[in-house]
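Multiple structures follow.
In the two complexes below, chain A is the common chain; its partner is chain B in one and chain C in the other.
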Partner chain A sequence: MIKIDIKKRLAKDLLLKVNRVIQKGDFLALFGESGAGKTTLLRILSGLERPDEGKIVVEGEVWFDSQTGFNMPVQKRKIGFVFQDYTLFPNMSVYENLLFAKNDRQKADFLLKLIELDKLKDRYPHQLSGGQKQRVALIRALMREPKILFLDEPLSALDVKMRSKLQDELAQIHKRLGVTTILVSHEISEIFKLCNKVFVLEKGEIKKEASPFEIFVEAKVASSFKFDATILDLKEEDFLCVLTLSFGSNIIKSVIPKEEAKELKIGDKVLVSSKAFNPIIQKIEF
Partner chain B sequence: MESDFLETLLLTFKLAFVTTSILLVIGVPISYFLAYTKSKLKPIFETIVSMPLVLPPTVLGFYLLLFFSPESYLGRFLEESIGFKAVFTFEGLVLGSIIFSLPFLVQPIQSGFETIPKSLIEASYTLGKGKLETFFKVLLPNIKPSLITGVVLSFAHTIGEFGVVLMIGGNIPGETKVASIAIYDEVEALNYDIANRYALVLLSVSFLILLIVYTLNKKVRV
Partner chain C sequence: MNKIAAVIEEVKSKGEFTIVKLRAFEDSFTSLIVQNSSLLPFVKKNKKVWMVFKESEVSIAKGECKISLQNRFFCKITHIEYNDILALITLDYKNERVMSLITYNALRDLELKVGDEVFAFVKSNELAIMEL
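Up next, the complex of A and B:
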């Protein structure tokens, strides 16, 4: 069990204030807008940053206590940290990167097999693809058998296909090794796939704590699709009005009664919603 | 004449070698400090290190002469306590060269450190490695091109310096007479062919050194 009760001032009007408990074996997501303090919280827990005050206790072991002034250095905390930008050491081969973390060949071989990269162990980081680098960084973080594994948007630099593959691998590794894992992510689908719990951070505070389903499904969706769109074009034809709308990278045409179009003009932001009775759903193959 | 010629060249390279070796030991920590310090005084430290880049060598030589002359307090103290004489000695030349070549070593290495992403260092920390181990196993091996550049530049620069040497070292054969001084000397005595030989050696050495740097750096770069 991990008990966190910390405060840190991030800016004049932004105070990171967290008082929560994380259960052993949890796969927790920190979700929220950029600047909400997700990464800072991760860095504080890992020991890369120091909170202003509070206490962090991990499985009965004190990692930080401002009252006694104790701050366990990052090197002493049993953690694994996967950064956004791979961070493999360029001067070491894949195998040497793993052994640098802990000189345990058996463990390195086991983890390499687990992600099916044992054939690439003598390659250097510049000879690997982004996905391969990040997978090596992931198992390198597991070499020391961490009590907590921190993942700071580890998949954000990868393409969709690679991301999906890595998500599967992460889920599998978590299932197999059971390491308490904390993931910073913007991606709802990713959180759904991996996590059993979500902290929603807003302006430095955890506003909600629940399962991904409770947070993203029950609260928001009422059996309908909703999205924000911009009106690109508006043409009146007989008693109908044809709207051309853009949302994200898509452009769609839609028809509404002339009456309803009265208040609309080109460039307006609109909310488009539709009942989810009969959508056509197809699996996307990569 | 021939032995004189060799002696002078040998002394020149000995000076460059000794200077660069000492520079490496003191320059790398200085570069590390400058690259990572958050001190507000950083611009001042950087200015001091870089001063020799813009200062006329004769100015530096002049001050060294002043501070270390046997008539000054420091000069007398050093001579009486550890027997160190700076003026008109080889040791004095080394001291002057170290100060004068410092920016040529520090600047490339400092910028090498600065190009290493912070997350790479933090990754090493999260893997349980302390600052010292991170320095030797992660930082240094990954700035090899900068290290080579710094070492070679300061070596080549020491071979080529003239003003400081002339001011503080004078022109004592076998002790302080280096190639660049010898050229000046021989030209003054109208011995153009000897001056020519010195000049040719320096020219070829400079060309070779730079060639090696650029070839190596191309290979090392990942």
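Up next, the complex of A and C:
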């Protein structure tokens, strides 16, 4: 569990004020306009910036306490960072980059296998694609077994297809390793795919804390039959499009005009809603 | 999904049911919701909202007819697409676009064509309200 209770003045009329708890294993999104304080909050948690006052406790360990004047230096904090621009050392191979973070060959081999890049371990960063570099940056951030993984717009430099692939991979890795992760992203679909919780930051304050579903869709439609589903298939039939959707273990079909399907693709999350009168209910006899 | 902006004129709840009266242009519409209005924070009098309904829930009539449907609005057909089974009809409702999905047989029976003036209908329980 991470307890954050800090204040920091960012400008004359802008005070960053956060008093929240993040549960271990959460995949949290910081969402808000530019200048709302998202990146500053990441920098404070990582120790790159010092709050004016308050306390940060990570899994029972004090990282910052203004009352005692204690501020754990950045290199002592067990954190991992992935930024938008690839930050690999250009003069080191993939493997050396990983071992530089922590000299643990077993761990490096395990993580390389996890993202299926073990064959590229002797390559240098300039021999990798943008997506590959970012994947290496991700596992390098995981080498030191961080208590918090910070992702600051990590995929925004990649094209849509690669981004989607990396989102899947991030979700898999998170599921597998359960590292508490904080993501700064402007992309709602990305947040939907990855995060279980969202902090909405406005002018330095967290205005809302809820699941992506509650933040972005719920309460907007007054219909009683409502769930979020994933698009498994889109089939065009003349002017219509038949969608195959999965929610939980169920698969349903729905029809929309082809024109409306333009914005949709396989893997997208969608909100399915219907009025309460529509479904036909029949008792299941055993 | 068809979407028309409207203003809520009246909200009436009884137990689990709420009936909402709305106005778009000069036409009045009703929406039936299975939820008490106390749990619908944006369903309030004078509030601007979207009326939302599926293409397949829009029926079409040519000429006058008496019918139980409350939501009736006058449109002009601007486009028709069809195959052997279905027809997707695009309607102009005071410069708003509404689509109706009907069977090819219905299209043929009514002899619908571009330029025809028709009534479009939506059942109250098919009309959802969405925050604008």
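We take it that the second predicted complex is superposed on the first by the 218 of 286 C-alpha atoms of A that agree within 3 Å, B and C clash if a C-alpha of one lies under 4 Å from a C-alpha of the other, contacts with A are read in each partner's own complex, and residues count from 1 in each chain.
Here is the rule we use: contacts are C-beta pairs under 8 Å (C-beta built on N, C-alpha and C of every residue); 3 or more make two chains touch, one makes a residue touch a chain.
On a predicted model such as this, the values are computed, not experimentally measured, just so you know.
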Residue contacts on chain A - larger count, chain B or chain C: B
A:Ala157 touches, of chain B and chain C: first, second, both or neither? neither
Which superposed partner A:Val57 touches (first chain B, second chain C, both, neither): neither
First (chain B), second (chain C), both or neither touched by A:Ser273: second
Contacts of A:Val242 with chain B and chain C, given as first, second, both or neither: neither
First, second, both or neither for A:Ile256, with chain B first and chain C second: second
Partner chain A, residues of chain B touching it in the complex: 117, 119-120, 122-130, 137-138, 141-142, 222
Chain A residues within the chain C interface of the complex: 219-224, 237-240, 255-257, 260, 273, 275-278
Touching residues on chain C, where the partner in the complex is chain A: 1, 31-35, 40-43, 52, 55-56, 81, 83, 86, 88, 99, 101, 125-131
Touching residues on chain A, where the partner in the complex is chain B: 46, 48, 74-76, 79-81, 83-85, 87, 89-91, 100-102, 124, 126, 137, 140-141, 143-144, 150
